[in-house]
Structures are given as C-alpha cells and as structure tokens.
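Below are structures written as structure tokens.
Each of the next two complexes has subunit A plus one more chain, namely subunit B in the first and subunit C in the second.
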Partner chain A sequence: MQLFEFLNYDFMKNALLAVLIITPLFGMLGTLIVNHRMAFFSDALGHSAFTGMAIGVLFGIGNTSVSMMLFAVVFALLLNYIRHKNIVSSDTVISVFSSLSVAVGLAILSRNGNFSKYSALLVGDILSITGKEIIGLLVILVITVVFWCVAYNGLHSIGINQSLAKSKGIPVALLDNAFVVLVALIVMLSIRWVGILIINALLILPAAAARNIASNNREYHLFSVMISVFSGVLGLIMSYYLNVAAGPMLVLVASVIFFITFLARRLFHV
Partner chain B sequence: MEKKVKTAEKGARGIRIKGRFVEAEKPAVYKKNAYKKLLKSKPCGFHRVVIDKLNVRAGATTILENVSLSIACGALTVIIGKNGAGKSTLIKSILGEIPYEGLIEFRDLKDNTIGNLKVGYVPQHLNMEKNAPVSVYDLVAAYTSRVPVFLHKSKKLYEEIKERLQVFDGASLIDKQVGDLSGGELQRVLLTIACTPVPNLLILDEPVSGIDRNGRKLFYKILNDLKQQYDLSIILVSHDLELTAEYADSVVLLDRTVLKEGEAKEVMGSEEFKEVFGYAAF
Partner chain C sequence: MFKKKLGFLAGVMVLLSLAGYLLCLLVGDSKQLKKEEFLLVTSFYPMYVLAENLTDGVAGVGVSNLTENQTGCLHDYQLRPEDMLLLEHADAFLINGAGMELFMEKVMQKNAALTVVDASHGVTLLEGEGHHHHNHEEEEAEHDGHGHEEHSGNGHVWMDVERYRKQMDNVTQELIRLIPEQKEAFQRASAAYEKKLVKLSEEVALVKNLASGTPVVIFHEAFAYLAESLGMEVLMSVSLDENTVPSPGERAEIIEEIKYHGNVLILIEEANRKYADNIMAETDAKTVYLDPLTTGEENADSYLLGMQKNLDAIRNVLK
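And now, the complex of A and B:
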C-alpha cells in the first residue's frame, strides 16, 4: 500500500517502533505533569540536557547519556526542593536555574566554535535510533507502567492537596521525588530522538488535550495515550511524505488535536 | 465468647468498655481491608487529644506560643480568631507538617495509656481547576485505596465508596466530576475521605466562602451527628460565629496563644473576644 511505502526502509521501521513506545510513555507521564502544574518544570528539565552533555564532554565521559542523566536527576531534585519552598515565586527561580543551565551548557559546548556538532540535540533525530536503543525505551516503558500502578494514587492525591495526602499516610516527599527523578531519566533518555525544543510539547499537549474531554482518570489516561500515539504515528508518516523533521510534525498534529478538543469542550460541555 | 474477645484483642488495638472489646481506629489507608463499614462506637468519654505548651516559630517570629488544649472525644471544639491568629499553623502542627516544640498526643484516661493519634483532615480547598478529569470515585479511591484509579474502576471498591459516601448523604455524587460539585457537596465528599478509616481526631478547615448559609447549617448538623455516633474528637476552624455559638461544645479564641477557652457563651461574652472582634456576641 502506498501509505505504508515508508516501511520499506529499516530506519523508518525503527522510527515507527520508537514512536510506538515513546508516545504512550509521554502520554502517561504528561497526565501527572499537567495535574501537578509542572509544565514549566519539565521544560527547564529538558533544557538542562545541554549542561549534562557539556559536563560529559568536559570530563571526557564517552557516553554523554550517563552525565546527562546524572545531572538531570540532581537538577530535578533541586528544582523540586525549590518548588516546595514558598519563599520566592517558584516559576521565577525555575526560570533562573533553567537559563543558567542552558548558558553553562552552551558556553562549554560552543568552545572553539564546535557547537554545530551538538546542534542535533535541539530538534532530535528519531530516524537514527537503533534496535538496541528501542529495547532500552521498551524497558523504561515497562518500568513506568509498574511505577504508575504503585504510585499513581499517591501522586494524584498529593497534587490535589498535600496536607490531605499526608494525613492519609501517603509518603509525600518520597513519591514526589521519585516522580521527578523518573521524569528526569525519561526526558534524558529520549531527548536525542525528540529534541530539546519540542520534548516538552510532547509531554504536555496530549494530556492537555485529553483534559478537555475527559471526565475521570481512566478517560484522562486513555485519551492522553491515544492522542499521543496518534500524533506520533501520523506525524512520522507526514514527515516522511512532506520531507520535514519528524519531531515538529508530531507536535503540529498534537497541537491541532488540542485545539479541536478545546473547541469540543466549549461547544458540548458548558 | 470469651475466647473470641481475646483473639480480637491480640490482633488489634482497642479498649474494653463494660467487658466488650471495642477496636480502636482501623489501620491507616495503604492497608488492606481499610473498607470495613464505618465503625460505629459511641464516644467513650475517656479519649483526649492533648496539646501541651505548643510553640511554633518561623525564623525570628513566634507564630504560636504556649498553646495548651485538651479535646475530649464526642466534643466539637471550635477555633475562632482573626486572620493571622495562627489557626492554620495550629492545624499544620497537629498534622505534623511543620516543626513545633511541645506535645501533641492521644491519651486514654481510662488506663492512662498513650495511643497512636489518627488524624482525619478536611482541607479548606482543593488544588484543582473546574474541568479537572477527576470523578468523586477517583478522588476518594486515590486517597483511601491502592487500586490504581487510572487503570480501572473496581466494582467492589465502587460499592464500598458509595456506602461510605452515603453516611454523609452523598452516594449519588459518586460519578460526578469533582469540579461540578457545590461547596457543600464537596465538603461531604471530603468528610468521607477524612473518615476512612474513622480517625481519633477530625480536623476541619471551614472554607471562608462558597457555601451558602443553609449548606453551612447542614454541615454543622452533620458534625453534630458525627460526634454523637462515633468515638472521635472534632476540631473545627470556623468563620461563622453564629453557628459556632449554636453548635460548639467548646470554643477556643486564638491569637498567637489561647486567649480564652470555654463554652461558647462564656468565650463570646468575654473581654478578650471583644478586644479581638470589636464587639461582644453575648
């Protein structure tokens, strides 16, 4: 069939497999990120990839994924600590740290005019993913589903009212930190394929769209995952035939769906 | 019969009243079987929540100083005071959310033992926008069970929650979206969560606005029933002095420390009350 002609190429097959793993993962994660109003937080986290990579390059670590993950985990825990201190408006502080980490990363990576070597990190390249890396992503998906089954109720409760969650014996600090560490790891492991500039859109858009039309948690997750997978597959196919980068196409599809659900809510719900 | 009582005693915490073993509160959330029916046991009169010489500081400022209270089971204690008097701080310390000096404990005067204080809490508001995809079932189930609410709706749990909601006349709310509830309905749902399992101490932070007078009155009536039917103490932070006067067993006037404590008439007619609120209610 004409439409699936792109599957004749191995790199497209791999890309499709990767999309089929990454998108449900992001659809799921996004639900709680939106619930907890952490859109800006996860954005800052994505930006910290620069610093993580720079640190790896600086210390000559062969696999910069390791340094990226380590830095992101530390960064996430720090941001989370700030988020819960009500001293300064937390979005301002997150913004400061986000800018700082981007600046440090760019400064180091652009030494001797070498930045073009790393610019692929900005938009990502899902077409370059290998079979081994796909299996890695699959493992993360499984871990996330298990984590969700164990921790979702608690995290959901914390997002709605922390004091109430605490009074119910839910381990607030533990779950909250475990969650941001998980987000940090997933963002860093997928950022090479998705890109710093659009990774947050993929986390937020499907959940935000699902929120417009869902009335309970089951619907919320189902819609979010469905919208995410649909945008991923359609975006990938469109990128092939239109000869555009896959990531941006995917975000475009998800954005259109967001606006459709937004209108649907206004028309039918109120 | 005797044997049965003994085995029950071994496995569970509780007290003996007139030879009958009355189990204390059910184990906290996160445990299996947290969904037994609300355990009805009239107030025994021997349980006290004791707060002794409580001090809370934030940096150089003292928010609460030398607060001492004794709250009996079966009693509705209402805390009143101006904004910034330290009411929320007092609640936060009892909930264990902020560091404090002093003592907060749960005593059984009958045999002078100290038990584990189980607190139920009804917050002032939820951090949730109107269209949040959360049904009443989701809300209650997430706070009180381990069945992952994103994955499936357990039929058994659904029926249990419905039954619990019905204690506060709320069974019909179970499928509603939380954002669509009225202020009074939400309060009853939150009461259901706070009373699963039945706590020793129920703390309620009354919303300043959003509930009309009839709704508020109904709420005070529910509290009144609750304290008569269950073995628990109730602390209510109230903004409605009139209903406080009508329903409170004891009133605490708070302004950094306990200014006055006693029956509603006594407190509201006092000089201290007049100084804080600018008029005497009685």
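And now, the complex of A and C:
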C-alpha cells in the first residue's frame, strides 16, 4: 500500500481541498454552537434541508440549493425568535419544528414514490465536489473569518450572560440572528457533501472534544479547529483505503478523539 | 500547561494516525489496477451480464462492474472512492441509459474524456412513474444532447427481450467502433448470444399465447416491459422503491381496481411479497413472483436463466 497513492486522483484532491476548507469552518462555528447550547438547534437546521429541497422541487426551481438556503435562513430566524420567547422549553419547540420540517420534506419528496432519488442528501458525497463548488466554500470561509473578527466578543458575551451583554450595549438580537443565519448558510452549502445524518456531528464533536481539555477561549478555538481538520483529513484518507463512505469515517475519528479527551480531562484538572 | 495540552493532542493525533495506518494495512487494499488492454466498466448488473457475453472470447478486453452485483436498481447508489477510481481507469463506460444512471450524471460530466456507451440509444421507452426532477443545476449547465428528455421514461428496458436485443446491437456496434481490430471476435460473440436470445424470444411468444390480455398490477417498473412483451394489460404500476411503502390510499385503490376487473395477476418481487399478501387476502388476485434481474451471480447466462424463470412462473400460474 502506498501512502499517498490517493493523491493521484483529481476527485480525491478535490475532496481533500474541500475537507481542508469545511473542517476549520466547522471547528470555529462549533465552539459557539456548543457554548450557546445550540447543538439541537443546528441539528434541526440540517433536517430542514429536506423541506428546502422539497419546496424547490415543488416550485420547479432549477437549482434546489437556492431554495434550501432561503428556507434554512427563514427557518433559522423563526426558530431563534421562538427560542427567545421562552413560551415552552426551547428544546421542545426545536424538536417540533425539526420533526415538522422533515415530515413536510418527506411528504413532498416521496410523492410518486420518488424519495430514493433524493436520499443522497442523507449521507452526502464529498467525492463528487467540483472546483467551482470549492471556491464557493472558500468564499464562505472568508466571510466567516471576517465575521468572527468583528462579532466574536459580542457573541461570546451573549453566550455567557445575555442580560449583561445587553446592558453593555451589545446589539444582542442583531448579532444572534446574524450568527444563526451564518450557521444556516454554512450548513446548507456543505450538506450536499457531508449529509444530513452527519453534519451536526461534525459541527459539535470537535468543539466538544476541545472543550474537554481547553481552559481558555484561545485554547478552545485552536484545539477545536485542530481536531476538526485532523479528523477530516484522516477520515478521508482512511475511507479511501477501507472502502467506506467518507462522511461517517470523519465522524468516527472525531468521536474517538472526543472520548480520549473526555478521559484525559482529569489529567489536566480542567 | 498550554504546551502540555498541545503536546497531548499532538500525541493523540500521531497515535490515531498510526492506528489508522495499521488498520488500512490490515483491512484496506491498494487501488492501483492491473492495466488491461481495454477496460470496459459497466454501470450495473444487467449491463455487466450483457458485456460479459459480448466480450466472450475477445482478447485484450476486460469487463468490470462498477456497482456490486447485489446492488440492484441504482436509484440511490452512492459512489465510493473505489468506484470513482475504476472510472478513472475505464476506457469505456457502458450504461443502460434511459435515466437508470441518474446518480452518475455529475460524475460522467466531470470525466468528460470518458467514452460513454449508451445501450438504450434509439430504444423506445414505456412511460415512467412520476416525473422526477433531479440535479437540475447540472442538467442546465451541460446539456450534452442525449438522454435527458428520456428521463421521465421507464428505464428498465432489459426486461423486454426484443428491446434487450436492440441494446445488444447497440453495444456490439459501439464496441466494434471503439476496437475495430477485434471486429470479428465481437461479431462472433454477438452472434452466439443472439442465438440464445432468439430462443428466448420464442419462449416469450409461447407464453404470450397464454398471457395475452391478462390484467396485471405490477409492483416494479421493470415488470412493465415484461408485461408489455407478453401482451398483458397493466392496470396499475406501484412503485416500491427501497425507501417508500404504498400509502393506505394507494393500497385501497389497488384493491378496488383488482375487485373491479377480477382475475388479476399481481407481478411482484419475492422480497416484497408482504404487500401482495396483504392485497390477496382481500381479493381473488393471484400473485407471481418475478425477478427484475438487477442482481445475481457472476454468471454470463444469468439473464437467460432469470428470464426463463420469470416466464415459467407466469406460465405456471396461468395454466
């Protein structure tokens, strides 16, 4: 077995490039999602892809990515609004919306027994990504980094204490909404490559693993991005040699790291 | 402390990489293929069987099936790295066409250099189930002229022996065009297979005498072709894709339709028999278990045998 044999192929090079863009992105976003206790929120967001696609198909929008993104943004803002209303406990509300959007999507897409044509969305296929789509991902990476530089402190203080953040003059609602919109866009842009079943794991696991051993924000971010990129690259390469789908392999590697760091927590007295 | 943690994390990563490497060494395999003189990759089982027959005794041509023989209909197939690789090495890619390989559209466009042999070129299709809209961006981006308008058609062409013979002609001609120096060998192989198919056609004609005019409800699009070639009257076509089950309304509709006509045959795959049992309990319909021939053993005669078995099954019920 040659170690770098996989680089002989364009589809593996493209997939590797895509992984190198998506994983740092997910590593960064994941830290805030974990801090804001929004793991379930992003999961629901992923599931809304079904409805977005169904709406696109229903209205004959050629490029269903557009309808998926539009729907996800609306869905994210709506969820966020309800989340802050404190009417029912937010996990219940999110679960209701998540189930609803999956059901609507399934109902529309399974008309005429055609669902199997869309089920690729469940697992995703990073191997078929093209150069143009990689550039799209690169653009969103740049946007995210800029957004991070501008808004991170504000968002972080919201995560710690919302009332305190408000009293300090931080535009809480604006920042919070901007953040969920960004998450929605990134999830929809990468869902074709990563898949609905896996996308949330990739968002949450690296950050959760990093949080196990980090004791300040700098460490938290650095470790999260490191773990994310590492899991992505190792998972992709292993999937090549082991003949398994790439997405699940990435998640498996990230999960192993999570458990190791979980056990190592005591080592660092965090 | 920070350095210690960083070191720890780096250590974990090195260890995991090593573990992964070992795992790949133990379980994984290298993908570099032995270079055959001409590698013909087929998209799925029926095409694989066809190619095996048409290259029988032709020197310097290797046939390799992209999907496992057990994959079945391709509607929701996911390509693995291994599959992409096989395509990179392929000299020609034999597809059934008529929309069966929708999942491959993107891949085929990416490998623009790949020679695609469309077996269903010029074959008239029966109307398909619903109209599906899939991968629009790609369709609009690169409309390369063939195939797309046929996507709403029923792609399971091989289930009609006459159409299958047309497919065979198409593929033979394409193979000769691609490898002219093997013309005689291809023609020999083709003639030998044709002979067997003619015999099968005669069998079809015999069963047709019995089956003509029988009302049927089919539970797989593939059976529409078989029913047509036997002169059966298809009352309803129910799609049982892997991920969907007939809705309650649909089941009621089937039962009403069967009751209305009487003496209806249900054509269904053995694996889906629970749906037929369900319906048989409420009507006088009889069931025939048929094989859509999308999976099977590595046996060049499997199409002939499978088709014969289907015909026998129908004959036995009608006798």
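Methods note: the second predicted complex is superposed on the first by the 266 of 270 C-alpha atoms of A that agree within 3 Å, B and C clash if a C-alpha of one lies under 4 Å from a C-alpha of the other, contacts with A are read in each partner's own complex, and residues count from 1 in each chain.
What we mean here is this: contacts are C-beta pairs under 8 Å (C-beta built on N, C-alpha and C of every residue); 3 or more make two chains touch, one makes a residue touch a chain.
Keep in mind that this is a model prediction, so the values were computed, not measured.
Enquirer: Determine, for the superposed arrangement built on subunit A, whether subunit B and subunit C clash or fit.
Expert: Verdict on subunit A: subunit B and subunit C fit.
Enquirer: Taking the superposition as given, does A:Trp148 touch the first partner, subunit B, the second, subunit C, both, or neither?
Expert: Once the two structures are laid over each other on A, A:Trp148 reaches subunit B alone.
Enquirer: Identify the partner contact of A:Asp125: answer first if only subunit B is touched, second if only subunit C is, both if each is, neither if none is.
Expert: Only subunit C; A:Asp125 stays clear of subunit B.
Enquirer: What is the contact status of A:Gly60 with respect to subunit B (first) and subunit C (second): first, second, both, or neither?
Expert: second
Enquirer: Scan A:Ser89 for contacts with subunit B and subunit C and give back first, second, both or neither.
Expert: Neither subunit B nor subunit C is touched by A:Ser89.
Enquirer: Looking only at contacts as defined up top, I'd like to know whether subunit B or subunit C touches more of subunit A.
Expert: Here the partner covering more residues of subunit A is C.
Enquirer: Touching A:Ser215, do we find subunit B (first), subunit C (second), both, or neither?
Expert: After superposition on chain A, A:Ser215 lies in contact with both partners, subunit B and subunit C.
Enquirer: Who does A:Val253 touch here: subunit B (first), subunit C (second), both, or neither?
Expert: The second partner, subunit C, only.
Enquirer: Considering only C-alpha atoms, give the closest distance between subunit B and subunit C in the superposition, rounded to the nearest Å.
Expert: So the smallest C-alpha to C-alpha spacing between these two chains is 12 Å.
Enquirer: Both subunit B and subunit C contact which residues of subunit A?
Expert: 214-215, 219
Enquirer: For a test of understanding, state which residues of subunit A touch subunit B in their complex under the given definition.
Expert: 31, 35, 148-149, 152-154, 156-157, 159-161, 163-170, 210-212, 214-221, 265, 269
Enquirer: Would you pull the subunit C residues touching subunit A in the complex into a rising list?
Expert: Per the touch definition, subunit C meets subunit A at residues 1-2, 4-5, 8-9, 12-13, 16-17, 20-21, 23-25, 27-32, 75-76, 78-82, 84-85, 88, 102-103, 106-107, 110, 129-134, 136-137, 139-140, 238-244.
Enquirer: For subunit A, which residues count as touching subunit C in their complex?
Expert: 1-3, 5-6, 9, 11-12, 57, 60-65, 110-120, 123, 125, 127-128, 130, 213-215, 219, 223, 226-227, 230, 234, 237-246, 253, 256-257, 260-261, 264, 267-268
Enquirer: Okay, in this complex, where on subunit B does subunit A touch?
Expert: 28-30, 92, 95-97, 119-121, 123, 126-128, 131-135, 137-139, 141-153, 177, 190, 193-194, 203
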